[in-house]
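As C-alpha cells, here come the structures.
Both complexes below contain chain A, partnered by chain B and then by chain C.
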Partner chain A sequence: MTLELRQVGKAIGPEVHIYPTDLLLEPGQFNILLGTTLSGKTTLMTLMAGLEKPTSGQIWFNGRDVTGEAVQKRNVSMVYQQFINYPNFDVYENIASPLRVARLPEDEIRKRVTHISELLRISQMLDRRPDELSGGQQQRCAMARALVKDSDLILLDEPLANLDFKLREELREELPRLFAERDCVVVYATTEPTEALLLGGATATLHEGRITDFGPTERVYREPVDLNTARVFSEPPMNLATVEISNGVCRLTETLSWPAPAILSDGKYTLGLRPHHVSPVQVQADWVPVESTIKVAELAGSESIIHFESYGNQWVSLVHGVHPFETGAAAVLYADMAHAFYFSPDGKLSAAPTVGYGRTKEGN
Partner chain B sequence: MIRMRWLVPTFYILFLMLPIYWLVSMSFKTTNEILGAFTLWPQNPTLANYRTIFTDPSWYMGYVNSISYVTLNTVISVSAALPAAYAFSRYRFLGDKHLFFWLLTNRMAPAAVFALPFFQLYSAIGLFDTYLAVALAHTLFNVPLAVWILEGFMSGVPKQLDETAYIDGYSFWRFFTRIFIPTIKAGIGVAAFFCFMFSWVELLLAKTLTAVAAKPIAATMTKTASSSGYELGLLAAAGTLTIIPGAIVIYFVRNYIAKGFALGRV
Partner chain C sequence: MNKTLNQKAWFFVIPVLVLVAFNAIVPLMTVVNYSVQETFGNNQFFWSGLTWFQEILRSERFHASLQRQLIFTGSILAIEVPLGVMIALAMPRKGFWVSVCLVLMAMPLLIPWNVVGAMWNIFALPNIGLMGKMLNDWGFDYNYTRQVGDAWFTLILMDVWHWTSLVVLLAYAGLVSIPDAYYQAAKIDGASRWAVFRYIQLPKMKRVLTIAILLRFMDSFNIYTEPVVLTGGGPGNSTTLLSIDLVKIALGQFDLGPAAAMSLIYFLIILLLSWIFYTVMTRNEDQ
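Up next, the complex of A and B:
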C-alpha cells in the first residue's frame, strides 16, 4: 500500500501553490510534512486526499491512478488543526458517521465506536455534544472519527497545534500506538522540527511550495540536502553567515578563523549552525569566540534563548541554564564550529558536521 | 444614587409601552367612550370589537391572507437564499463581491418604485390578487436580506467541516441537509424572522397587488370609516391582533437573534 505523487502541481490562476512534486509514501511509519505556515502543507494534503484536483501530474494509490477521483470514493481520513466535529451530532454519532454513510450494520458500528473511543479515552463522553468537550477531547473525537474506518490513507494536518502544551505531549505519546497495527499510509503535517524528530519515520521538508528533501527523519536532520531544508528543520532559526575558505582555513572575518572541513575546496560558503551549538560558556577549547551585541535574552525556565548580533549577522543561542544578559550589552559567545553545516553558494549542502552523533570522522 | 438606578429604564419602558397600552385599552372600549372622554382604562370593558373581527370574514380573512403570503414569502426567501448564501460563502467566482453588493442594493430602493411594474406584470400574467403575487414581490427585498444574514452564519462555519463530511463519504446534498443546515439553524431562524417581519409590516406592495381575495389585514384596517361612522374600537382591536404574530415569532427566535447579533451580521 503506497501513495505516489508523480509531478503533482497545483496553481490557482497565476499563483503557484505547489510546484511539480514527486513523492513516494510508504505505510507503517509516519510520513511527516515539515514546513512553515503557508509552505503548502495543507494544499499538498488536500491534493493527496482528493479534495482538490491537481493542476498537473498524477496521484497513484496502490498502483492505481486515482487523480481526479471523488474524495468520497477514496477511503481516506483527515484530522485538521481546528477541531472539526459535527456540532449537531453527539460524540457517538460523530464517530459513527463514516460507518453510517458506509451502511455498516448497527452492532458492528457499536463495536467499532466502543473500541476506538476506549483507545482514545473518550468513552465517558459519548453522549455529549462536541461543544461541551474540552479542546483536547474535541480533537480526540475528531481523531476517533478518522480512525474508526479502515482508511488506506490518514492525513493529520497539524493535529496538535491548537492544543496546550501538556495535552500535546500526552496525545503525541499516544499517536504511535494508535497507528501501530494499521496497514495504511499516515501523513502528518507539522511546523515543529521537534515534533518531526519525536515521531521519527520519514520527513519531507516543504519550502515555498517545493519539497526540498525527503528521507528518514534522522537523515534529513543530520544531513539536509540544502540550506532551505536545514532552515526549515531548525527551531529557533539556524544561524547563518557567509564564510570564505582558503588553504584549509575557514574565515568569518579577517581575524576570526578556524580549521575548515578537509573535504571542502577553496571558495565562498554559507555557514549554518544550529542555535544549541552557540553558547555563552566555552566548554571546549576549539569553540570559536564571536564578539556580539545582545539583542534580547529570553529566559525560558531552564533554558536561555539569546538573540544577538555578530559581525552583521542575526544569531540565536539556545543553551541550558539561566544566562541573563542586558539588552545592548557587548558579550563574547562561543560557536562550536565542529557542528557547522557548509552550503555552497547555490544552497546545496557541501559538508555536514561529522562529530558527536556516535560516528567517528573516519567512519563518515 | 444606586437605589435610583431602576428609574431610567422604568421610564424608558413606560414611554415605549404607552402607545401599545393605549391601543390595547382602546380595543376594549366602545367608540363612544374613546371619542367621549379621556379615560385611562376602559370604564365599560367590552369584547364586542374582538367579536366583530372573529366573526366577520371581511376582517378575519385579512389575517388569514396576511399570514398566508407572509409564510409563503418566508419559505420562498429562505429556500432561495440558502444555496445562494452557500455559494457566496464557499466559492470564489468572477464578480462574486459585486453580485453580493448588488443584491443588497435591492433593499435600498423604496417599494413604491416597484409597485407599478409589479402591478402591470402580475395583471398581465394573471397573478394579480393572489398570495403568490405578494409573496414573490416581497422576495425582492427579503431574498437579499436572507442571503446577507445566512452568508454571515455560513462563513462562521469552517470550510473544513464540509471537507470532513466529504471525506467521511457524505454526498453534497446529504451533507447539506443532514449536517450543514442543522449547524446553521440559528442563522436560518434569524433570516426567517426578518423575512417574516419585513413581509408582515410591508403595506404598499401588498395593497397594490391585491384587491379582494388576498387583501392583507393592514389594508382592511385602512378603511377607517364605514357607514356607521368611525369605528375606532374595532380598529384598535385589529391593531392589537396585528402585533400578536410578530410577538409570537420573536418569542421563538429570541435566543437565535442574540446569537445573530453576536456574529455581527444582523
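Up next, the complex of A and C:
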C-alpha cells in the first residue's frame, strides 16, 4: 500500500500554494511533513486526502490513479489541530459515526468502538458529550473516530498542537503503538523538529510550498540537502554566518578562524551551526571563542537559551544548566565548529559534520 | 479580625443607582401606583386594591387582544426563524459578495419603524400601491383596509420583510464561526448535506438562534409603531395587538387605572414567556 504524488501542484489564481511535488509514501512508518506555519502542510494533506483537486499532476494510491476521486470513496481518515467531533453526539456515537455511514451491523460497531476506546483510554467516558471532556480527551475521541475504520490513508494535521505540554507528551508516546499493527499510510504534519525526531520514520521538509528534502528522519536531520531544510529542521533557529575558506583555513573575520574541512575547496560558504553547539563554557580546546553582546538570556529550568549578537550575526546558544547573563553585557561564547554545516552560495549542502565530513557528495 | 471598611465604593455606585432609578424604577412604580388606585382626572386618587387587575383579567377585550398577539408572534416566529436560517445557509462564505449580501440584509433593519409602516401602507394600497394594485390586477380581491385576512397577511409580510434580516445576520454569524475542518471531517465521513446541517451546523448555531428567537419574541410582542401606521388596529379591532389596545385605553379613554394594571400584566406575560423560552431552549446545556 503506497501513496504516490507525481508532479502534484496546487495554485489558487496566480498564487502558488504547492509547487509540483514528487513524493512516495510507504506504510508501516510515520511519514512526517515538517514545516513552519503557512509552508503548505495542510494544503498538501487536503490534496492527499482528495478534499481538494490538484491543479497539476496525479495522485496514485496502490498503483491506481485516484486524482480527482471524491474523498468519500477513498477510505481516508483525518485528525485536525482543532478537536473536531460532532457536538451533540456522545463519545460512543462520535466514534461510531464513520461505521454508521458505512452501514455496519450494530454488534460489529459495538465491538470496534469498545476496542478502539480501550486503545485510546477513553472507555470510561463513552456516554459523555465532547464539550464535557478535556482537550486531551476530545482529541483522543477525534483520533478514535479516525482509527475506528480501517482507512488506507490516515492524515494527522498537527494533532498535538492545541494540547498542553503534559498531554502532548503523553499522547505522543502512545502514537507509535496506535499505528503499530495497521496496514495504512500514515502522514503526520508538525511544526516541531523535536516531534519529528521523536516519531522517527521518514520526514519531508516543506519550505514555502516546496518539499526541500525527503528521507529517513535521522538522515534529513544529520545531512539536510540544503540550507532551507536545515533551517526548518532546527529549533531554536540555526545560527548562520557567511565565511570564507582559503588554504584550508575558514575565516569568519580577519582574526577569527579555524581549520576548514578538508573536502571543501576555497570560496565563500554559509556556515550553519545548531544552537546546542554554542556554549558559554569551553569544554574542548578546539572550540572557537566568539566575542558577543548578550541580547536576552532565557533560563528555562535546566536549560538556558542565550540570544546574542556576534560580528553582525544574530545567534542563539542552547545549553544545559543555568547561565545567567545581563542584557547588553559583553561575553565570550564558544562555538564547536567541528559540528558546523557548510552550504554553498546557492544553498546546497557542501559539508556536514557526520563522520568527520567524510560522507558528503562530491562536486558541491 | 478587623475588616477595613471603605465607604468610597458607594460614590461609584450612586450614579448608576440614580440613573436606574430615573429610567426604570420610578416610572415602573408610578405605573404600580396608578394600577391600585382610582382617579377622576382632577388629581384625586382613591385606593382600589386589585380591582383593576381583576377587571382586566376578566375582560373579553383583553383576552381577544392577547389572543391576536399570540397568533401574530407565533406566526412571525414560525416564518422568520426557518426562513432566516435558510437565507443564512444560502449566503456565500467568503469573497466579494459577502459584504454585498450583508449590506442588503442590514438595510431593512436601518429603516425607522414608522417609515416601514408608512411604506407598506402605501405599497399595499389596493388602488394605487404597487403590491395592492398588482394583486388586484391579477384577479385577487385584495384590500387590507377592509378585509381581515388581507390585513393580517400584509401585517405578517411586513414584519417578515423587516425583521427576518436579524435572524439571518445572527445565524450567519454562527455559521461562519464553524471551522472548515468540521466540513472536511464530515466530507471524509461521507455525511449527507442534511446530516451536516442537522449534526454540525444546527448544534453550532444553537446559541445564536436562542438569542435570535428571544429577541424576535420580545420585539414582536412589544410591536406597536408598524401595525399602527399600517392598519391602525383595523379593520374593526381585527389587528389590535396588545400594545395598540393598551394605548387606546391609556391615551384614548384616559383610563389610567386599568391601563396601568394592563401594562403590568403585559410586562409579566413577556417576562414569563421569555423565561419559559430560555429555559426550554437551554435545558440540554448543563445536564
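As a convention for this text, the second predicted complex is superposed on the first by the 353 of 364 C-alpha atoms of A that agree within 3 Å, B and C clash if a C-alpha of one lies under 4 Å from a C-alpha of the other, contacts with A are read in each partner's own complex, and residues count from 1 in each chain.
Rule of thumb we're sticking to: a residue touches a chain if its C-beta (ideal position, glycine included) is under 8 Å from a C-beta of that chain, and two chains touch if they have at least 3 such contacts.
This is a predicted model, so every value here is computed, not measured.
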item	value
Fit or clash - chain C, chain B, common chain A	clash
Partner chain(s) touched by A:Pro193 [first = chain B, second = chain C, both, neither]	neither
Touched partner set for A:Gly40, first chain B, second chain C, both or neither	neither
Doubly contacted residues of chain A, that is, touched by chain B and again by chain C	46, 49, 51, 71-72, 76-78, 80, 82, 84, 86-89, 97-98, 101-102
Interfacial residue positions of chain A with respect to chain B in the complex	46, 49, 51, 71-72, 76-78, 80, 82, 84, 86-89, 97-98, 101-102, 142, 145
In the complex, chain B residues that touch chain A	158, 160-161, 163-171, 174, 179, 182-183, 185
Sites on chain A touched by chain C in the complex	46, 49, 51, 71-72, 76-78, 80-82, 84, 86-89, 97-98, 101-102
Chain A partner contacts - residues on chain C that touch it in the complex	179, 181-182, 184-185, 187-191, 199-200, 203-204
